[in-house]
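The following pair of complexes shares a single chain, chain A, combined with chain B in the former and chain C in the latter.
After this line comes the complex of A and B, so read on.
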């Protein structure tokens, strides 16, 4: 079998929803969670990620649970459950748990692993009552905005105050971003705090373009995974 | 910009919300008349008064209840539906896979 990282994105079976818009600005690819992500976008990825960088992590593993027993189910899997809706917490294995409402929880895979913990968790039997699986893997795209100008970029696209003073790490805002619905999560992912944006899969390439347009003022652009992890 | 307080997400622009109709008590679908069911599903009072309505916060797909004055358009209160609805409503299926008891069906 040929080396997956030397393939063109359209030749890999598991690729992002927005690969067409970032394929041209990619220097090298990596395989993570059995899917293709950008390993390096350009020569100055690290400096860009420190200022404001964007990466598409849609292929990375995530899962969700809904129902009265959803919180108990996650606790039985040794994951932390945030005590209020619109809050996020990080587990001992690096997974991020999002509490989107009183009875809806998502789990994002850690930056350091290959999604195996989340995959194993998704395959665990559910409680017999009041806990249902949420298939957020394919319904949503996952874009990550990193860098010190991330709140300033979002101020151009979103009506909610996302500055550190009002929206610290561990907070979630479900709101309108560039007139498209999105979940914005402020959390530590890899080496630095980032905004993870989850939007409808059909809006992925639109939101990618809208974010890049807003980032241009801050000399931001696409970055690779190596700059974050 | 008009704002609305969402019980889950806080104060947000009204453009993030979708109107879902008045909150009214559901009649017993197995015994009510077609007229009563139509009143429940389609008709509104349309009076100048405080009304209780369903609203959806679209980015979080969260349905809640709001009390609004139809004259001033002032939103007086919003709250989670669990304050009003404490039990799940299930519809019993009949053998021919219908759920209603009345009506001619034509």
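After this line comes the complex of A and C, so read on.
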């Protein structure tokens, strides 16, 4: 059914639920994990990403585990496990490990690869008990907000202090963004620190629009992967 | 209007002399300078009449020039009651006065002033209630006359938003105390936000004269502001009003169209104090203003407030005002000092050296208006003979400006909102604030400190306390005291002919307040409610102190015992659009949402989701639904059911958990089978239903209703926190997209996309569960029969949802597959007699009423609500949900229409539609148990009050043997 060379998102089986809000104004797209992400949004992507840029990475690979054995499972896969909930750590292959609670961990694919490490990891057998795979690949959209105004943008949408001084790289906030539940992760992804926002996948286009609206004041807008990686 | 000459720099701190702007006021063009407010631009053009008073329509002009009074309320095309001394003048603005009949200058309603004596306080309450019924007449008249500006109901709100901020310290007020406190706190390592409602920092330093030479204020102000602006840990917000104090220093700061929601670990209120007026006859005439207003006009806007001035004062500050006026070429006719000569010897000496005339121990007893009664012409000055009394001998002084000031009232509002108390210090005739909560501090004149040196010291002291509280300093801040007295104890001089205003907002005279006490309203709160004192836009800034004094005297109590009325947020009027901010209205869309829209679906909300109601034009609703229904019954249809809730329960105790939660038995449910699941709460009420799929021995996937899943999930977590079963519960609603492929041709379409499952009736029977791939997408397949046809519910990971839809619509072309919407689904399930939780149930529905006894396992020891279900079902039953039919063409009952038993109500309709398949109107309704036998008739009251007679029938209405869904 899918044509891997097509540059129309709806010719690929895996689609972000928000693809229509960014596809029309995009200069080029790249195939990633059975879907498409924006490679370049416009001529000024780099400057925009330095100020505040937004990209939808929903189709990129991620996986998650929950249970008493979840941390041990990740350690057995040579991934770092943050020592406290609401902290993130980066593995040697560039994957980001999020500890959302004592027993819940997610793994995000690295900026540089095509998600093959996470895919391989997701296919590893689970411990026989107390470790359950999560559906975060599909339950949550993954939006990335980059740029020096990222905390100022979020201050218009979120009641948590996300300034660098209070929310440094490696921290996670599970909170409400524009009145919608979201997980905000401050981490290094690609060339720069970013906020990764994980919201209900069905609310992706709502949150995309809310973020763009908040970014307008800072002359921010959509950017492509090339500006971040 | 012609532009008057502005005063030379350094007067006019706020204006740009190179840039002129023009706007319309009352139809005439007014030219001002950039940086002017509307009021200052008008004043610069000699236009002092700005508004008409609320009750008597008296002419009013600038009083404070600080947005602290109602005298400057004007009308903009889209906004009434705008403060002209706050609103920046802008090119092209259309400005007019308000609350007049005729014109602002010639207000026909000004004649009400003559009848003031017939309209005492409480006049409305005591007059218009009789004769009985007369209020209906008076109400129209009074409502027409009451109110100030005109609201434009067509106006579209501006874009407004909110921003959260977090700071170690917030300093409210960028006067000398606030600037100094901010600097000291920031120097100590704190991150400081400094907010001020004015367009420039400095507070009184920007307009007030702190020494007889007039040099001190500017030098101190320049130094402090330069230091603040250069400080990396201070952010200065101007034109920003902290409009309230909420628990834990949560501060709403409004700047333009934005509200900052600020969290401060420590807060310093350096809000200053309000200069107080003197109460005498006609103290409201244009040309009479507070001393600080005259100084603001000169220093901020470069405007001489008059040509010939009299200064009426109760402290040394009035002398400084007189010196300022003299410096700017205004003839100061006299300084009238309310104090005896002995109390002001030093400053009096300075004034006389400058050639000024000082009349000590005197007051203005009456102000006299010009011929048109629109501006000050003369004042009647008399010697004070006692508290509120004057000599008979008068001295008339010609003047067009009277600057007055009887002392100060701390800007107490924010502190009192935080729980502080106001205590009156008799020896200083001044209120002071005590009882602040932790982490809230005062600095400067709001703290009763008035000398500049001590004000600065108090700013340092407050910051020191803050640093100590933040753990940034060990030093203990030393208390600062100020011995300077600034208030006179009785600046109230009642006049036999009245018009000696205490509250200019509400046109309240001194006798009004005294009379209120005579009528028995002794408590200050009752006085406020009876007289409306302090209820106007200035919220008692200038009336609270004289009111407290008057009520205290009239009720023979102290001012402390009398107190002031409660201060509540907001501090200044705020626009609703700013409070609302940018509206966030989250919605959820399924993966297939845009495909529905492209196919012409009418979308309807389902909780926060949007679902297709039916496909087609709105005016063809019934036809569309009937066509979709026929398509499903005759051929095949596809509906998006992604909004259905999904919950995963995994772990060794999964079956035990499901067995406890739902009413049926699940311990022995075979793997690969589904089972209907009813969820009852602890009261035995049915609150949700779904299908439980057993995927593996220790793995269940349970569906729930669209709007019920969050509650079910929450309840599950709560119960297992008690039960501590070894399971994992996950709400996977958003993780899966789902469709229901329904109709006799559905199997052959599915077979085209799914080659790894045996789809035969034997291989995949009714109520079975399978996992396979559909169009190459990993899928969970459920054979269900909600609409009563051969059908498959196919659940796939959400990101593949749209691809799945596309695959079915393409694969189904030979069978002419069509989508169908929620309304059609409701009709189809109604034909099968299936209930919808929430539509056919209410907060009392137990399984017995719903004929769901079959779905309760009586052999298991427990399920949620089991005991209550037993109790409510053992009671005598009063109603039952039944099916009914009506002949086609009968007026169709709607949901909620009443079922009658004689004259009494026995139930109501929950669902009703015309069914083309059945050929009649069919529905579900609660009826009395004595009406529930099939074949009985019940009366239903429909729209218009008529009744129709329906026949109770056995469910389902269609395919009673369920052969179609089990194909």
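As a working rule, the second predicted complex is superposed on the first by the 223 of 229 C-alpha atoms of A that agree within 3 Å, B and C clash if a C-alpha of one lies under 4 Å from a C-alpha of the other, contacts with A are read in each partner's own complex, and residues count from 1 in each chain.
We take it that a residue touches a chain if its C-beta (ideal position, glycine included) is under 8 Å from a C-beta of that chain, and two chains touch if they have at least 3 such contacts.
Predicted model, so just to flag it, every value in this text is computed and none were measured.
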Touching partner for A:159 - first (chain B), second (chain C), both, neither: both
Which of chain B and chain C A:173 touches, first, second, both or neither: first
Touched partner set for A:148, first chain B, second chain C, both or neither: neither
Touched partner set for A:67, first chain B, second chain C, both or neither: second
Touched partner set for A:101, first chain B, second chain C, both or neither: first
Of chain C and chain B, partner touching more chain A residues: C
Chain B versus chain C as contact partner of A:120, first or second or both or neither: neither
Contacts of A:85 with chain B and chain C, given as first, second, both or neither: first
Residues of chain A that lie at the interface with chain B and also at the interface with chain C: 159-160
Contacting residues of chain C [partner chain A, same complex]: 161-166, 191, 261, 263, 582, 584-591, 593-594, 609, 642, 648, 650-652, 728, 730, 732-736, 775-777, 797-803, 806-807
Contact footprint of chain A on chain B as seen in their complex: 1, 8-9, 12-13, 15-16, 57-60, 62
Of all residues in chain A, those that touch chain C in their complex: 1-2, 10, 12-17, 20, 35, 58-59, 66-67, 129, 132, 134-140, 155-161, 163, 165-166, 178-180, 200-203, 205-206, 210, 213-214
Residue ranges of chain A touching chain B (in the complex, touch as defined): 85-86, 100-101, 159-160, 173-176, 181-183
